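Have a look at the structure below before the remarks.
We just call them A, B, C and D in the order they show up, numbering each chain from 1.
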Amino acid sequence: MDLAHSLSAAGRSRSLSERFRALRSASVSLVSPLSDADATIQSMPDASPAKWHLAHTTWFFETFLLRDHLNGYGLFDERWPYLFNSYYEAEGERHARAARGMLSRPSLDEVLDYRAHVDAAMEGLLERDELADLIALGIAHEEQHQELLLTDIKHALWRNPLGPAYGVLPEGGVDRGLGDQGWIEHPGGIARIGHKGPAFAFDNEGPSHRVLLEPFALSRRLVTNREWDAFIADGGYRTAGLWLSDGWAWVQENAIAAPLYWREGEAFTLGGWRDRDPDAPVTHISHYEADAFATWAGLRLPTEFEWEVAARDSDPSAGVQWDGGAVNPSGTDQLFGDCWQWTRSAYLPYPRFRPAEGAVGEYNGKFMSGQCVLKGASCATPRGHSRATYRNFFQPYQRWQFTGLRLARDL
Amino acid sequence: MDLAHSLSAAGRSRSLSERFRALRSASVSLVSPLSDADATIQSMPDASPAKWHLAHTTWFFETFLLRDHLNGYGLFDERWPYLFNSYYEAEGERHARAARGMLSRPSLDEVLDYRAHVDAAMEGLLERDELADLIALGIAHEEQHQELLLTDIKHALWRNPLGPAYGVLPEGGVDRGLGDQGWIEHPGGIARIGHKGPAFAFDNEGPSHRVLLEPFALSRRLVTNREWDAFIADGGYRTAGLWLSDGWAWVQENAIAAPLYWREGEAFTLGGWRDRDPDAPVTHISHYEADAFATWAGLRLPTEFEWEVAARDSDPSAGVQWDGGAVNPSGTDQLFGDCWQWTRSAYLPYPRFRPAEGAVGEYNGKFMSGQCVLKGASCATPRGHSRATYRNFFQPYQRWQFTGLRLARDL
Amino acid sequence: MDLAHSLSAAGRSRSLSERFRALRSASVSLVSPLSDADATIQSMPDASPAKWHLAHTTWFFETFLLRDHLNGYGLFDERWPYLFNSYYEAEGERHARAARGMLSRPSLDEVLDYRAHVDAAMEGLLERDELADLIALGIAHEEQHQELLLTDIKHALWRNPLGPAYGVLPEGGVDRGLGDQGWIEHPGGIARIGHKGPAFAFDNEGPSHRVLLEPFALSRRLVTNREWDAFIADGGYRTAGLWLSDGWAWVQENAIAAPLYWREGEAFTLGGWRDRDPDAPVTHISHYEADAFATWAGLRLPTEFEWEVAARDSDPSAGVQWDGGAVNPSGTDQLFGDCWQWTRSAYLPYPRFRPAEGAVGEYNGKFMSGQCVLKGASCATPRGHSRATYRNFFQPYQRWQFTGLRLARDL
Amino acid sequence: MDLAHSLSAAGRSRSLSERFRALRSASVSLVSPLSDADATIQSMPDASPAKWHLAHTTWFFETFLLRDHLNGYGLFDERWPYLFNSYYEAEGERHARAARGMLSRPSLDEVLDYRAHVDAAMEGLLERDELADLIALGIAHEEQHQELLLTDIKHALWRNPLGPAYGVLPEGGVDRGLGDQGWIEHPGGIARIGHKGPAFAFDNEGPSHRVLLEPFALSRRLVTNREWDAFIADGGYRTAGLWLSDGWAWVQENAIAAPLYWREGEAFTLGGWRDRDPDAPVTHISHYEADAFATWAGLRLPTEFEWEVAARDSDPSAGVQWDGGAVNPSGTDQLFGDCWQWTRSAYLPYPRFRPAEGAVGEYNGKFMSGQCVLKGASCATPRGHSRATYRNFFQPYQRWQFTGLRLARDL
């Protein structure tokens, strides 16, 4: 299937209603290669079944739009909110996250019926201006789940000894012949960080505020598989001094010796087991691994602020980066569309951040200690979902997302 | 669906080849109410997916009959033995038991194709006398998995908050108006125990040997839901002195306060949530619970030998018990077809027991410490699979099988 | 220190009061090589601090004798029963077992004061005939704890990388030049099993009852370290087919490859690290290991009944075995005083067993599923504590006791 | 004992050699109330035995000073480095952290002999200028362990149901009649952060660098027990929306409902169980609790930079704060000597930070993801160990240190 097409469809649309319809259609097309059984299984507590993603994003529209704003709307099934609420305490009790893989019912077809029912009802709300922000939030929310659906099904298929293929994405980006690393220097100073203005952004991207940066340089491109092979060959996974102390404990407890999805000469992809391209960016590494690699290289990870400043001129909303191939005039390449890039920044609310009221605020204001910020966007990120202010975040040990790294150094 | 019909089909057939065909057909009919997704999920490590049961029993025939005895037979798929071997060390590496629920592929339809392929090839072996014992073993093995398929899917559907129905069985037996308990007395003495003779039996049912019994009495019928309610009402689950010490630890750690599948006034059945019949036998209890109940009643569980001696005159091969309703002339009722009955006997090999050579011996000679013997047969046991010498065995905390109890006392 | 002398002191005394005083004095002498810190630490939840054993056995006399039967007796410290009750539910709340190693207070000296206080008060009860059974029970109880004190401190000292020595015991017995195995045959038949008569025995040794034995043979002596080395060299720990299925899981999860306390050519003893004597009995093995060894040897473990019948003529109360050296006229050697001997019997109450009423009954009537019976007595067992009817019991994975094996076979 | 005197002794000394001797003597005086057994036990893996602290700090001097710099120095005991190395990979294998409580040997007296031996040998190095920095590091290292010794023994004694007393500290500070909260405002701007200059500091306090602060206000005083009672009474521990999402999971899994060491109206102190002073600062709270309290109050925790800027004028090296009672002229009170104060800052290296080479660099350059910075100093912090640039760090769930909070808000 043409995943890239699906992921970019919504991004190209103009009006909110067009975007809504394109988004909803894209999600359905993402499950077209999957059987009911494929869409049901949950391969680990961090992942969710494909079917669940389809239903949960629909529950979001049903709950916060239809239930609250469409007169006379009746729930598709009164028992389903319990199943498809993710973590909104304000919305009541819910099915345990780790048990999502027990839901062989409702079937995938029933979930698709649910989507059709909600989509039809949503037509009555799409033109109401006062709901535009909430609808835009629902779209952004579903875009997040589109990416998760892809990373989660990749993990599930990988656990099957048969190694089934799903479809083809240019995973982690491809070799663009970028050659030597090269450094893009920045003089430092006071920079404005975070989202401002009328365009959509998640609450955690603001408030816009100033930070003071020391002079720094960012690598023009991402770290490659070839470079990662050198790290392994040099004993990177066996050298305690390269690792954060919790990272070293993680390596030892889990006998980590390579990125996730690697085996001899190959990597598991959504298209099945494939030879690794040595010049493609390394992906599926944890923050621990990224940090150890940078230490091994005598360098460091960038802060989220350094990354954002460097990327500002290359915002994918200008279309420069997304389609691949074209070298960014500012020099920094592979910002969006290859893989998420670990930073050294802990995920914390920005100064003066206040969560919005109510259940939707719960979604936007959910913070957790111990997570690290990632910047950029991966091959699985819907196009409309990439921007310089975007803050992704995961625990430092997690690596089933398309995660890689870009190096930085002080000047 | 008419489960009882499916379960009894194989039992009524005469010749081995008729029995084989009836058995194989019955297994397929057991999954007719299930979707591919239903047949894929694994609700706990002790349970297996329905699809896996269908494929594993087929792998047994493919491996030990077709591969070893049919010239020119080609494996249906060379990668599948890795998936569907259960625990036979002699047959090489295998998929981890706890990860059986990850197998969304092969699909249920592909597994049914596998069955058809193997069944067709088996036709060439069914009349070969020297293979009759091995085929009979394969039939008995698949009968075991028919029961497991039912108990496993019950557990899986129970974990779904929607509580879907599968089909109807007279679970744990029904109220037959048996009334007061009544005691069937036995004078004790030297009894012969275990299987002997040409009819099929598992290796663990022999060798036949003698045991010395003291005078004892067995209850005429099983303990009922009504009696269990009295145990609960009397604080049975809160009284340490009634429990084995590991049983008491189990109660506390798991906050056990009722049989599995109970909720207020109802029990989960293969037909969904139903009102509990107070006069039906209690089921889905652990050995710990059975033992505590007996202590509470001032009585005890029978030994496996006492049970076998009492049941001998009521062997279901004579058809007396299975169809229900008819009172056993010897007086002991509800021996077979209601629920498995915990005994106080630990599961140990009989004197002079020797495991057979090879992988099949591995199946028959597999012992584990800490398990308890259960006697009888449940509502989910295929009819041809019930006999007085049968020894079922589970860990004392397990209770997802149809397990109940019959009381005993010394004379 | 002369441990053997301490352990045998109580056994040689005549009157109950003499035995009480000798026992109490022997316990104190067992801690003479220990510092307050040594006597405080708990090396695993299965073990208890030496200080705790001293106090708990004293609590038994204070509670069941002094508190209940001595007018005007005042508790030594009102807070201590909470600390030193082991598991008697009837005696109220108690300190968590796994937290016994947190009790740096009271000090060892304070515990010795407690013992002196209770011993002095006990003088007033020692001659009261109606209390003789209870006092004898208290003595037997403390004898059990004397052995546990030794096995627990051995484990604690072993966990110290300095490998400190405690004192010298002939651990697991010594090489007596017993030479070839040799088999003592028994014709089978109906045997009477269990304790009967006025002498002291624990409740679990009765009621006396009959069992039917098939003809069998028992090895004249125990399995040696040399034989165990051959088992290892032959890949015993790597051959799945030799093991009970839970035993095999235990081997793999814990990477078991030798008896506990073994390292290259040496074994840890109460006297520190020592060269292993190839002709001494192997000790510190689990039931799993004993069973696998027997299977490897083409033999089996005896039942508890076979062992008891064979030992009856060699009862240590006749003094034949205990002092070592003298060959038993009946032929069976190393019955008592070398190591506990695993049987294949599950630990279950004997027919017609009824626990006594009250808290003391809790002690005697405590059963747990999954445990295996051991017969005999070890080098650490007080002499008066050995008899043919004695039933020791542990979980099949436990091996910090002095445990070994004797082989059996069918005739 | 006069703990405050012990803790302040080293701080008042002038020369390095005087400070060394005072420090070493102070550590010994800290164990004067402890028995050998008290000094041996380990109450949880995060804590270490008192004896271990005494020996480990001595190992530091023996290894990095005497072994490397004193000609002909012989190790006190060649086996002890294995026991008392904490985590220095460069120094080889070491005893498992969680098994430190198994070391009943060496005894406390032997450890004190070890200290005397090392102290005597150190006399030969104290005047060597080129070693002054390393000696100062060793002193600072031992000061850290003095505080840990106190918090660890507090935890150990608390686990004893007898609740033994150790000595008296003004724990968490005392009520100084500070009254209403009051806010000290700061206009923001570019501030210089981190240590610079010749005085001793840990590597993680530098390099000195600039940060940009927005206008903010800090509370003049710490949050009190009375205020915490109000948080509890208002359902703070039961309101999901107040908590970080991992904090809420922690509350539920551990059934947290109050600070550590609280019970009805009382708190456990080094002096035993005491009535809580409602006006004293709350202590023994986790970062999760501190953050939830701040959210409940409609405020937030300060960043580490805000705290440092506010404290700069109140540096305890000027003696203003430490002795208590005197109100800081700048208005911010209770900065040092009451309790460590959680900030919202993740513990990350400062810009341009580089770990020093070798094993000592391992000590100074040890970072771990997920930890939070605490500022200030507690009642158990040695006086010479308090300064505005100091960065303490713990996991967000840890609370056995003397930890409290100060509120902040945006202007």
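In the analysis below, a residue touches a chain if its C-beta (ideal position, glycine included) is under 8 Å from a C-beta of that chain, and two chains touch if they have at least 3 such contacts.
All values derive from a computational prediction rather than experimental measurement.
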Item to check | Both-way neighbours, i.e. chains that touch chain B and touch chain A | outcome: none
Item to check | Greatest separation from chain B - chain, by CA centre | outcome: D
Item to check | Whole-Å gap separating chain B and chain C, where each centre is the average of the chain's CA atoms | outcome: 38
Checklist entry - Which whole number of Å gives the spacing of the CA centres of chain C and chain D? => result 47
Item to check | Distance between chain centroids, defined by C-alpha means - chain A, chain C (Å) | outcome: 60
Checklist outcome for this item: So chain B residues touching two or more other chains come to none
Checklist entry - What are the touching chain pairs in this one? => result A-B, A-D, B-C, C-D
Checklist entry - Residues of chain D touching chain C in their complex? => result 35-41, 43, 79, 82-83, 95, 99, 101-108, 156, 159-162, 164
Checklist entry - For chain C, which residues count as touching chain B in their complex? => result 87, 89-90, 190, 209-212, 214, 240-241, 244-247, 287-288, 344-346, 348, 351-352, 362, 366-370, 372, 396, 410
